[in-house]
Amino acid sequence: MYSEIEETAKRWLEADKIDSFIGYSQRSDGSVKPVRITDPADVDNLYFGDGCVHNLMSFIKLNGDERIGIFLKGCDGRTMVQLVAEGELDRERFSVLGIVCPGLEEDGKPLPKCAFCRVNTPPDYDELIHPEGVEIKDEAIEDEELSSINELTRAERFKFFRHQFDKCIRCYACRDVCPLCYCRECVTEKSSPQWVEVSIKPSSNAYWNLIRAYHLAGRCVNCGECDRVCPVGIPLRVINRKLANIVENYFEYVPGMNPELTPAMLDFREDDECLDHGREGS
Amino acid sequence: MRKIGVFVCHCGTNISSMVDIDRVIESATRLPDVACAVDYQFTCSAPGQTQIKDAIKEYNLDGVVVAACSPRMHEPTFRKTLRDAGLNPYMMEMANLREHTSWVALNRGEATAKAIDLVRMKVAKVARLRPLEEIHLPVTRRALVIGGGVAGIQAALDIADGGVDVTLVERSPSLGGHMAQYDKTFPTLDCASCILTPKMVEVASHPNITLLTYSEVEEVTGFVGAYKVKARIRARSVDLEKCNGCGTCLEVCPVRVPSEFDASLADRTAIYRPFPQAVPAAPAIDRESCIYFKTGKCRACEKVCPADAIDFEQENEIVEVQVGAIVVATGFHFFDARKYTEYGYGSYKDVISWLQFERLTNASGPTGGKLRRPSDGMEPKSIVFIHCVGSRDPSKGFPYCSRICCMATAKHAVITRSKIPDAKIYSFYIDIRAAGKGYEEFVRRAIEQEDVQFIKGRPSRIVQSDGKLLVRSEDAFLGRQIEVEADMVILTNGAAAQNDAAELAQMLGIGYDQYGFFNELHPKLRPVETNKAGIYLAGMCQGPKDIPESVAQASASASKVLGLLSRDQIAREPIIAEVDPGRCTGCMDCMEVCFFTAVEEDEFMERKIAKVLPGVCQGCGACVAQCSDGAMELRAFSDEQIHAEITALFAVEVAR
Amino acid sequence: MPRAEIVKKVPINDSYFLFRSCVSSSKYPGIETSTEEVFARLGIELEDSPEQSCCGGFITFTSLAEVTASLPAVARNLSIIEESGKNALTVCNGCHMFLTEFGHFMDHNPDITNKVNEMLGMIGREYKGTSHVLHMLEAVAGLKNRIKELITRPLKGLRVATHYGCHYLYGFKHDAVDDPYMPTVLEELIEIAGAENVTYPEARTCCGSGLTQVIIHKEEMSLPFLKRKLDSLKKIEADVLIVVCPYCMTILDRGQFKMEERGIEEYGVPVLYINQLLGLAMGIDPVRLGLEAHITPVKRLLEKLEVSNA
Amino acid sequence: MSRLFDKKLRPELYSDLSELTFRFIGDLEKCMQCGKCVGNCPAASVTQYNSRRIIHSIKLGNVEDVIKSEELWSCFFCSSCYASCPKDINFPFTVAMLRYASLYAGYGWEYVKKLLPYALDYYRTGMTVLQDERNPNITRRRANNSNTSGSMADVREKMGLSRERKVSDRALSEVQFISDVSGMTRILKELPHKEEKAPLTRAELDRMVTVTGPNGKFAGFPEEDDNA
Amino acid sequence: MTEEYYPRIVGLLCNWCTYAGADLAGTTRIKYPQNIRPIRIPCSGRVSPHFILTSLLSGADGVFIGGCHPADCHYNEGNYYARRRFSVLKSFLDFVGVEPERLTLEWVSASEGDRFAEVVTAFTEDVKALGRPNPYSRKELED
């Protein structure tokens, strides 16, 4: 599928434009894994289709000198832009092969994250594959999943989230997979002070989930990886989207779209109106 | 385990009348880290302090909680007590039992409960305090003054007289600034040049002053006591060492361009000296209008120069200086009156600006001090002054009052009267603002003795008719529209910040307001300091002001500089942010939110980390709240300490 | 905003909606016909509609009913313009100001617009705010170069004075094409027509009408005011006075007649709309330009230009 | 000031759009009494009208005096005060609002009355100014200038236009509908009638011109003023 | 549980404006409910989300943050950052079930002693009116 991927990877590797190319390949059983290719001869392993859910930006090192070619969907592309905006990534090192992502399916149904996908094309790329019949999306769409929770009463929401947070086993898979989590030492591992208690109990679980979400406010690009890897099925994607909505409504900032913009939480305007209590942040 | 002493003050009856001191003591005694808890009538008194000192020795205390008044009141007092007792002064916290408790509580029960909580919270915090040492920074004993107007001159001279070396950087070819253009000064009618030019000469000859004219500051890095400054000396094309200022070159130059110094009322040559008394006296070649630089031919000046001082090959030169302090005195520029199309400035020749009027009445000006109107050289018999052009006008100019224009206009009117005794002089104002020594009297003199018609009303329109200007306005005292026929109209344009003020502010890292005027640190109490330690302000760059004020501010800045540079080292309160290099990810979000540019990149174990500049950090903690990996800490207000305070509050069950 | 940028913002289209003015249609039809003729020569189509009525702004300033009456009346006309899918040209300063200012006001106050639309809904209309309303002069300012090519009979030696009218100059504080105190568009056009600009001190003064003044206070206020303006005009011996507003034209043209009628002063300066002057320079038939409707005789002017008004 | 604009006091004049009044009048506080609006004001040059003083009165709380005054009806609505105002106060709109207040308070109807014919024309035809001349001398003069009867219908016909411009029936019914539902029709019906003032004499006219005209003098203190 | 609900409020007060404003309320003897426990911090920009979360989890019934009025920050910009951080966290906490009445960020200057008393009174009343502990207090979550 999409022979352009193979061609481009080969061309870049042969021209010594990149040291390695990161993409997807399919195993014999049909499952998909991310691969890193350094030899132009290996390019026929590359694949794109259902199952290519991983955010390939989770598989790169933020620093170093390696020149990387990378295959990015819309959400993954936003990850890269956000990392550049935060000053974590040297864009020069990367050659991006973007794709206008047709959306991925699982068991014949669109993945949850694709159902509410806002941007299916990387905002920044060197070359772009535009499959026939796939439209470029660039507008927010009705988020039924989120609004169904928004419509609950506050007490119902509390009940819902309390139940969700109670399930957490603090495996930190959400954190480990998140391409935007790059702190050297996570707050949850700090002991002076110990903001988050180590033991697994409702209060510390809630604390962890709240601070994890807040840390991604104005940063999360909705790649859905945390949600995918959560073994107990906490709807992390909804929480993240809620925060994205709050930030967008207040500050008109959408992360991962423009590397030149200062991230919302590192910025301010003298006339920010977010304190206006009459206005809901959703 | 800490050994903490708790000292509860009655403050006479201020606290004890509302707070059950015994219960506070009792509750404090039961806290794990507390070694002793005692009370006293007035803990801040000498016996009260002695009680603390004695307890420190007796119980070998390593931390102290004083439960008394607001720390904003007595924190320094008790810090000193600790120091006197041999304990690190930063091992102390105050619980505010007076302003925040006894004085505001509705009943004794509530006040006592709050007092107990506050003491417990402070004990928890003190248990996590660390001894802090004052920060000492080395000092370079040299100052930089930016701007060579009257404020810059005064600041440079005062600093230099105090025995400190000064580098003065001035953008134009000569010292003097706007004041050199003026004819007389209000309210004494002193000749501006007579009081300014001697000072200019003094600057040039002062052994402690290095004068860089035709130069601009290019880059400033570093922090208080150790600023590194790069200045660019523009190619003057005249060798300052060789030139003797004879002026022969000026006579032969064939180029004529409008003179900036004469506000375009006269021409100057391409090799020019802004005015005869310029310091340095050596001229400069304006390469943009010089024929040689445009076509490669001419060199007339070179041929006649007896000193062989002309150097067409000269290049811009970058000099670097290290200074301990900086005085910014970059001045202002006049509001461009062309925006007021209703007054026709720029279209009607006889509508002139205030600065042009100064040049017209100045003996060194284009008319030799004779007041003649520009269109036909006629002596104007009816003269109108219009106040507030660009000031107090958010629609076309600036909302603020420029402060000097009322007085300047009164001065101009009086000068006009002396030059043309039979002239009709009108002055249109909104309000007269003459707050200053002798100012009001001067305005009254203009009105009562010099027969100047002050008319309350802001003119709406000037119409040209048969070589006359018809000024239409209201006379608010009559409540009627009036029309005044004038031969000449002088627009008293307001003061605006320099066009590139914001650039300079960003280069220096100092604050500026929406107009481009630099911000003082505190409008009342720290009027010449900026938010950046070691950078001070003088003159109009901070906001509109008159000459005496500019000079006073310059001297104030100079005294601040001398005070700062009189020490070998600068001591600063140690409450600043610090980075844990092991934890820092190097995301540099802290740098992003720091207003004071106190964070810079550093390297640790071959990776990028943040580093706090102790001389620059002001200790606000914005970076600490931003740091998600918890690598940034604010001393005396660390996460750990505040966490302890919060959790200590809820450590005991209270009845709900 | 600097003038150059505003001029750039004025949309120059291939066709416009022509918003007629009561005063023009009823007193000086030449204003509309000359505009139609000039734009036809420029190759620009002007759409007409019998659905348009009086702009509606007059209701505000006559105080006969509140803004509550004039806003929907103005919005009704705007909705008709929007239906055409075009931007509108007005020939009258007053119409221009009301349509633009009230439109601007509604655009920035959606709550008001909703209420206005509630009322308009009852007559099956809606205001959306999709069309620009331009003063004819604003459009002409952007077409100067094309007009230059159409001048077939330069008005050599003609001494032309101008009067812009208050609502062209002062009505729009922040996005007027011309500077309110130093306007230049007319002068540029007159130069293009080959005539000579002459100025008089009271050139930028009000004609004295101010919509209602001439009616409310009759002559006691407007005549002395007008006299001052006309006296100043008379001194420079202009051949013609150019206006861009039918109402100013009414006052300045008929005002001269009134002064004459009462034996106060004779002036005899014909008043022409700018398009009538351009029309003459383009060789358009003076009858079609409606010069016969003018009260102050244009005969001497036409003689000087050697044009017959048959 | 606010009492006069109180909806409760005058419900019949207000519909749901009435907050408009406040939006236009709300910014008078900004005025710093510089008087720039007055110098170029046509009304101020021929009458005692003074926009600055009106604002001053309002700020002092003397709205009653303002709305009772004849001055209020002198504004030309030329907007030059708005153009020159350093604080961007839209005074012409303020005057319009004050006039409503005045009418409500029972003043000024005699001025508005004079506008009635125009308003009725608008109601009847959808156009405010019609072709028929109120001064027969004008028609006569026009006949002299053209070789027509001098009637506008003839002039239009000669130009190749319809004899009269008419708005469509639909437009007319819409205009009338808006007038009805917004309360304007009722006002037109109720408007009282009064005598008109006599036209000005030559002497009156001259005096007014010389007081404020460009006479080469400081026009504020003319001798004529003392005699007046 | 028959005793009256006595909420405890964590006050995070910036040293230069609100803390000083609270001092002024004291010196002018303005009475207000004593449920607030002030903690002195240098600047509202120092308020980290942890402070608010820890307070709530530990059992605070309300969190009151006081800073300098916009444009008056002693450190120039700290309150602007505080405003962004606070608003985002507050909206988010509302989403997961914390009543917005429990959190406030107020601008109180050093000269506004009366205003300090006023806003603290109003806030305390609001929290009291809720009549129950905050849902995320450790006690509530684990009971």
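By written order: A, B, C, D and E. Residues from 1 in each chain.
Simple rule for what comes next: contacts are C-beta pairs under 8 Å (C-beta built on N, C-alpha and C of every residue); 3 or more make two chains touch, one makes a residue touch a chain.
Note that the structure is a prediction, hence the values are computed from the model and not measured.
A.B. asks: In terms of touching chains, how many steps apart are chain D and chain E, taking the shortest path?
C.D. replies: Minimal hop count between chain D and chain E: 2.
A.B. asks: Among the remaining chains, which ones contact both chain B and chain C?
C.D. replies: D
A.B. asks: Averaging each chain's C-alpha atoms to get its centre, pick out the one most distant from chain A.
C.D. replies: Max centre-to-centre separation from chain A belongs to D.
A.B. asks: Of the chain pairs C-D and B-D, which one is connected by the greater count of C-beta contacts?
C.D. replies: Result of the comparison of C-D and B-D: C-D.
A.B. asks: Whose C-alpha centre lies nearest the centre of all protein C-alpha atoms?
C.D. replies: B
A.B. asks: Between chain A and chain D, tell me the centre distance in angstrom, where each centre is the average of that chain's C-alpha atoms.
C.D. replies: Computed value for the inter-centroid distance: 64 Å.
A.B. asks: Taking each chain's centre as the mean position of its Cα atoms, how many Å separate chain B from chain E?
C.D. replies: Spacing between the chain centres: roughly 35 Å.
A.B. asks: Counting in whole Å, what is the centre-to-centre distance of chain A and chain E, each centre being its mean C-alpha position?
C.D. replies: Here the centre of chain E sits 34 Å away from the centre of chain A.
A.B. asks: Taking the mean of the CA coordinates per chain, how far is chain A from chain B in Å?
C.D. replies: The answer is 47 Å.
A.B. asks: Using the touch definition from the top, which residues of chain E touch two or more other chains?
C.D. replies: Within chain E, residues 49-50, 54, 77, 81, 85 contact more than one other chain.
A.B. asks: For chain A, jot down the residues that touch at least 2 other chains.
C.D. replies: Chain A, residues with two or more chain partners: 187, 195, 265.
A.B. asks: Could you tell me which residues belong to chain D and also touch two or more other chains?
C.D. replies: Within chain D, the residues that touch at least two other chains are 45, 80, 88, 212, 214.
A.B. asks: Which chains are in touch, pair by pair?
C.D. replies: Result for touching pairs of chains: A-B, A-E, B-C, B-D, B-E, C-D.
A.B. asks: Taking the touch rule as given, give the residues of chain B at its contact with chain E in the complex, in rising order.
C.D. replies: For chain B paired with chain E, touching residues are 70-73, 96, 98-101, 103-106, 110-111, 113-114, 117-118, 121, 511, 531, 575, 593, 595-596, 618-622, 624-626, 634, 637, 639, 642-643, 645-647, 649-650, 654-656.
A.B. asks: Can you tell me which positions in chain B touch chain A when the two form their complex?
C.D. replies: 582-585, 587-589, 592-593, 607-608, 626, 628-631, 639-640, 643-644
A.B. asks: In the complex formed with chain A, which residues of chain E make contact?
C.D. replies: Where chain E meets chain A, its residues are 49-50, 53-54, 57, 70-71, 77, 80-81, 83-100, 105, 135-136, 138, 141-142.
A.B. asks: Could you list, by residue number, the parts of chain A that touch chain E in their complex?
C.D. replies: Of all residues in chain A, those touching chain E are 149-150, 154-155, 157-159, 161-162, 187, 195, 201-203, 206-207, 210-211, 213-214, 217-218, 239, 242-243, 246-247, 250-251, 264-265, 267-270, 272, 274-275, 277, 280-282.
A.B. asks: If you look only at chain C, which of its residues touch chain B in the complex?
C.D. replies: So the residues of chain C in touch with chain B come to 173, 179-182, 201-202, 204, 232.
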